[in-house]
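Shared between the two complexes below is chain A, which pairs with chain B and chain C, respectively.
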Partner chain A sequence: MGELRAYAALFGGRLRSATAYRTSFAVELVSNAAGTAIDVATVFVLYRAASVIGGFTLDEALMMTGITAFAFVLADLTVGNIDQLETYVRTGRLDAVLVRPLAVLPQLMLADLPLRKLMRLAVGLSVLGIALGRNDIDWTPGRALLLVTAPISGAVFFGAIFVMSAATAFWWVDSGKLGHGFTYGGRDFTSYPITVYGSWFRTLFAYALGFGFVSYQPALTLLGRADPLGLPDWSGYLSPLVALVAVGVAAVVWRLGVRHYRSTGS
Partner chain B sequence: MIEMRQLRKTFTVRVKAGRLRREKRLVEAVDGISLSIGRGEMVGYIGPNGAGKSTTLKMLTGVLTPTSGEVSVCGLQPVPQRTRLALRIGVVFGQRSQLWWDLPLRESFRLLRAVYRVPAGEHEARLRRCRDLLDLDGFLDIPVRQLSLGQRMRGELTAALLHGPEVLFLDEPTIGLDVVSKQAVRSFLGELGRTGDVTLVLTTHDLADIERLCHRLVVIDHGRVVHDGTIEQLHSRYGSRRRLVADLDTPLPPGFTLPGTTMAATEADGHRVTFTLESITAGAAVAALVSAAQVRDLSVVEPDIEDVVARLYTDG
Partner chain C sequence: MDALDASVPAISPSRPFRASVVTFRALVGSGFRRYATYRQATVAGTFTNIVFGFLRCYVLLAVAAGTAGAMAGGYDARQLATFVWVGQGLLNVVGIWGWADLSERIRTGDIVADLVRPVSPVTAYLAADLGRGAHALLTRVAPPVLVGALFFPMATPSRWQTVPLFAASVLLAVVGSFGCRYLVNATAYWLADARGPLAFWTLGSGVLAGLYFPLRLLPDWLAVTLWVATPLPGLLQTPLDVLIERDPPALQAGLVALQAVWAVIMLALAGWVQRRAERKLVVQGG
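So, the complex of A and B:
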């Protein structure tokens, strides 16, 4: 309880710091809105170029894009800040985080205030909304539940990926954008039906690393379509489980990373 | 309060060896340190750059994981019990701020009260004491980034103390400060030490900090303890000598010797001479000198800790 209040205070402090730089905040908000608009435009341009994508109609494929968009934005908004870790490790500023009586991860998550990313949340939600509107879904209690669990599990999964890729900084301080291959790359991978990818690449990302359960399998279950790749119908409900496994792995990697932290001379 | 047994920290460093090849090399930053520090002790922890001071402090505060050995602070293991330990220790890393850069100092203190879950009454009392002793009132409402280094350091000290820590770790608390701020920080720490309930471990390059504050001096070099004791013990162990400095009306005749001393220096065309007292009391030396020469002024100089420590580093 006391800890929650501590995090709330940190959040409040961050909020007040942000208002210390109103102009730069406004500039960021505008540039983020522009960036988001371009992201959305890309999706529509892609879908205008072809009428069928990986054996799915555009509207069906949009279902996957929608789940991914919403899940990713949710993760980016809450956990995305963790990519700052690299700077904290390189400059040794993590020392100051480690001597506080709070967990490292939430402190870093609250170290920046991603209000500017709120715009993207609206966009993610509307892509999902459009996808739902354009598909004729046979609603059952299971599918209604899936509509809630899929984006949330997806967000948790992406959050775990964010944490793991940030944690590489504990071993390679100049890991730089290596992690982005898995975070932003993962978002792009899951934005389309996985049938479009080559088989070894698909096996690795979709099944071995679990990205296939973020949006592809849940979307199939929602739409009531059989998986052309042969997984059973209920595999769409597996996403919370996959997300939990990812969280478990991320927790281990993170813990090892913090123990591996070397600080800097001072 | 603090126990270290055979504490080590080894870093792997990659060194360029040829155009593309890199060699791994192991650096023993802390090489088997065993120390025991009791409640209320004030310990100066000194050593040349790279001796392992900060590394030790970081292992004591849970920032770094020891490679091997045992360590406990307040009965807790720093890394596995980091957050519990953090509630009971205060840390000032001179180069790493605990304060919120963009917020007024007052706000940082308010946030820290929430972070450390300190009851309002205790917080108020401690803050009031720091405000008085460190003279914070003039800049409580200024954003931290606009504070001078001296003001910021006084803020950092307050920040480290608001939760009433049992142990205070200070890494270079006076580095870069002007004389007045140094004085303020030192007398504040001295005041703190006199109460006897705070254990204080201080690393510094400024030996005046140690002379003013610490009864116990631990010198480390290359990751090992080379001295552990009082400043007096350090002097006697390394044979520091007192010196007799005399201003003379006329220079001493060539070849003059003062029994039991060695001539250390002659300045101002022989009008000022310095003898190092080897096997004679200051009184006897003074008497012998006065009977041999026209002495205008005399002083006996205590050994300089800087010299001793410098000698310790180069020997190591």
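So, the complex of A and C:
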């Protein structure tokens, strides 16, 4: 109970500091929401030039974009600000976090909860809604369940990627941008049918790193389309499993990182 | 001791511009050296540029492959590959993102140190930014372009004018981008915190400068409006279009001239805003 109160206090402090500069905060809220909207608009722009990309129509691709948009936004909102870790490590501010009698990861997440990203969640959800509206889905209990589990597993997966990317700062202080290749890069990768990518690149991102199970495989299962790349129909249901593996790896990396941390300063 | 004052002795009284040139050059050098010390960040950033290069290149090539003439927005596959990979390198030279020095100094009150200097903040920051751009030109362009050339067939310029025009276009893009970023940062004079405007800028500049997709994929009326009414296509799309020879030479020269007009407008605006801000500025901090 005491712990919860401590987290609530951290969160409240963050809320007050975020709203201290009101105009700036309002502009940030709107910009963030527009960010997700632009990612989706990009898909529409590309489909203006070609009606079929990588063997998929706009509506089918939107199913993948929608799952990704919602999953990424949810992960970014809850875990995304962990990329501030770089600053904590460089300045040695992590010391203050480590000496408190609370777990390190939740402290960093709550103390920096990016409320400015809140409006994104609504945009992400509506993209998923639009995708569902534009596709004629043959509903079964399995597919209804998949509609819930896929975005949430995707969010958990992206969350694990955020934590792993941020944890590189424990070994390599100025690594900030390195992680973007996997977090934002992963989002871009999963926004399109993975058939568009070259084969080695796809194997690496989709199967070795697991990004293929965030939106591509679940979308195929929802749409009832056979995978042109040959994975079986049920592979869409694997996303929770893939997310769990990612969380396991992230937990190990994080723990190693915290143990590796050496403070700085004079 | 009564003769002591804060004036700087003229380096060469007979050549009044010399002092300005020497100062400007020193500031450019300091900008260059500052970024030269961030070696880890340079490597990490390059890696990310390469990942995004692959992502964007594959998607755009798939778009071209899905069209009748294998052309997307009037670009063939080679031109698209060049657009993406040179774009990933040029992005750092133009430096669209991640410059919040000025707004941070306004917020903390450190800006007062800039105001007492004998060089105006716009000039001083422009010099430092040119140094930053020069460093990026030497370190950040070659790696993504080489990786791109290794994996994809790329277009090479066939007209001699393209090379000087491209160089001019890149310089104008850096100056135009600096003007925009200065204005975005300067909102902190009024708002105290520029994180909102910066987020807005990061978003708008990325998509409207042609980083996410070539602007020629947009409907014509929209593309023309963007080019004429905003400085944004001049930050990335114009230099890239010049390099891959998307248009006939006369139109290309026209686009670069348009870029120059916008660069001058943005610098003038930055200067004007700075003067306005100085009249109302309350320095923060204690």
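The rule we apply is simple: the second predicted complex is superposed on the first by the 252 of 266 C-alpha atoms of A that agree within 3 Å, B and C clash if a C-alpha of one lies under 4 Å from a C-alpha of the other, contacts with A are read in each partner's own complex, and residues count from 1 in each chain.
We take it that a residue touches a chain if its C-beta (ideal position, glycine included) is under 8 Å from a C-beta of that chain, and two chains touch if they have at least 3 such contacts.
Being a predicted model, the structure only gives us computed values, none of them experimental.
Identify whether chain B and chain C fit side by side or clash on chain A in the overlaid structures.
fit
Put simply, what angle do chain B and chain C open at chain A, by C-alpha centres, to the nearest 10°?
In the superposed model, the angle at chain A is 80 degrees.
Touch test for A:T140: chain B only (first), chain C only (second), both, or neither?
Neither partner.
Using the superposition on chain A described above, determine whether A:R5 touches chain B (first), chain C (second), both, or neither.
Only chain B; A:R5 stays clear of chain C.
Check the contacts made with chain A and report whether chain B or chain C touches more of its residues.
On the superposition, C touches more of the residues of chain A.
Looking at A:T87 after the superposition, I want to know if it touches chain B, chain C, both of them or none. Which is it: first, second, both, neither?
Touch status of A:T87: no partner.
Considering only the touch criterion stated at the top, classify A:S17 as touching first (chain B), second (chain C), both, or neither.
The answer is first: A:S17 touches chain B but not chain C.
Return first, second, both or neither, reflecting whether A:L102 touches chain B, chain C, both chains, or no partner chain.
First partner only, chain B.
Taking the superposition as given, tell me the minimum C-alpha spacing from chain B to chain C, whole angstrom.
Across the overlay, chain B reaches chain C at a minimum of 8 Å between C-alpha atoms.
Just to be sure I follow: which residues of chain A are touched by chain B in one complex and then by chain C in the other one?
Comparing the two interfaces on chain A, one with chain B and one with chain C, the shared residues are 20-21.
How about chain C: which of its residues touch chain A in the complex?
Interface residues on the chain C side: 38, 40-41, 44-45, 47-48, 50-52, 54-56, 58-67, 72-73, 151, 191-197, 199-200, 202-203, 207, 212-213, 217-219.
Enumerate the contact residues on chain B facing chain A in the complex.
Interface residues on chain B, with respect to chain A: 11, 50, 54-55, 58, 61-65, 79, 82-84, 86-87, 89, 91, 93-98, 100-103, 107, 110-111, 114-117, 143, 171-172.
Looking at the complex, which residues from chain A come into contact with chain C?
Residues 20-21, 23-32, 34-35, 38, 41-42, 45-46, 48-54, 116, 172-178, 180-182, 185, 188-189, 192, 195-198, 201 of chain A touch chain C in their complex.
Where on chain A is chain B touching in the complex?
Checking each residue of chain A against chain B gives 2-3, 5-6, 8-10, 12-13, 16-17, 20-21, 92-96, 98-103, 259-263, 265-266.
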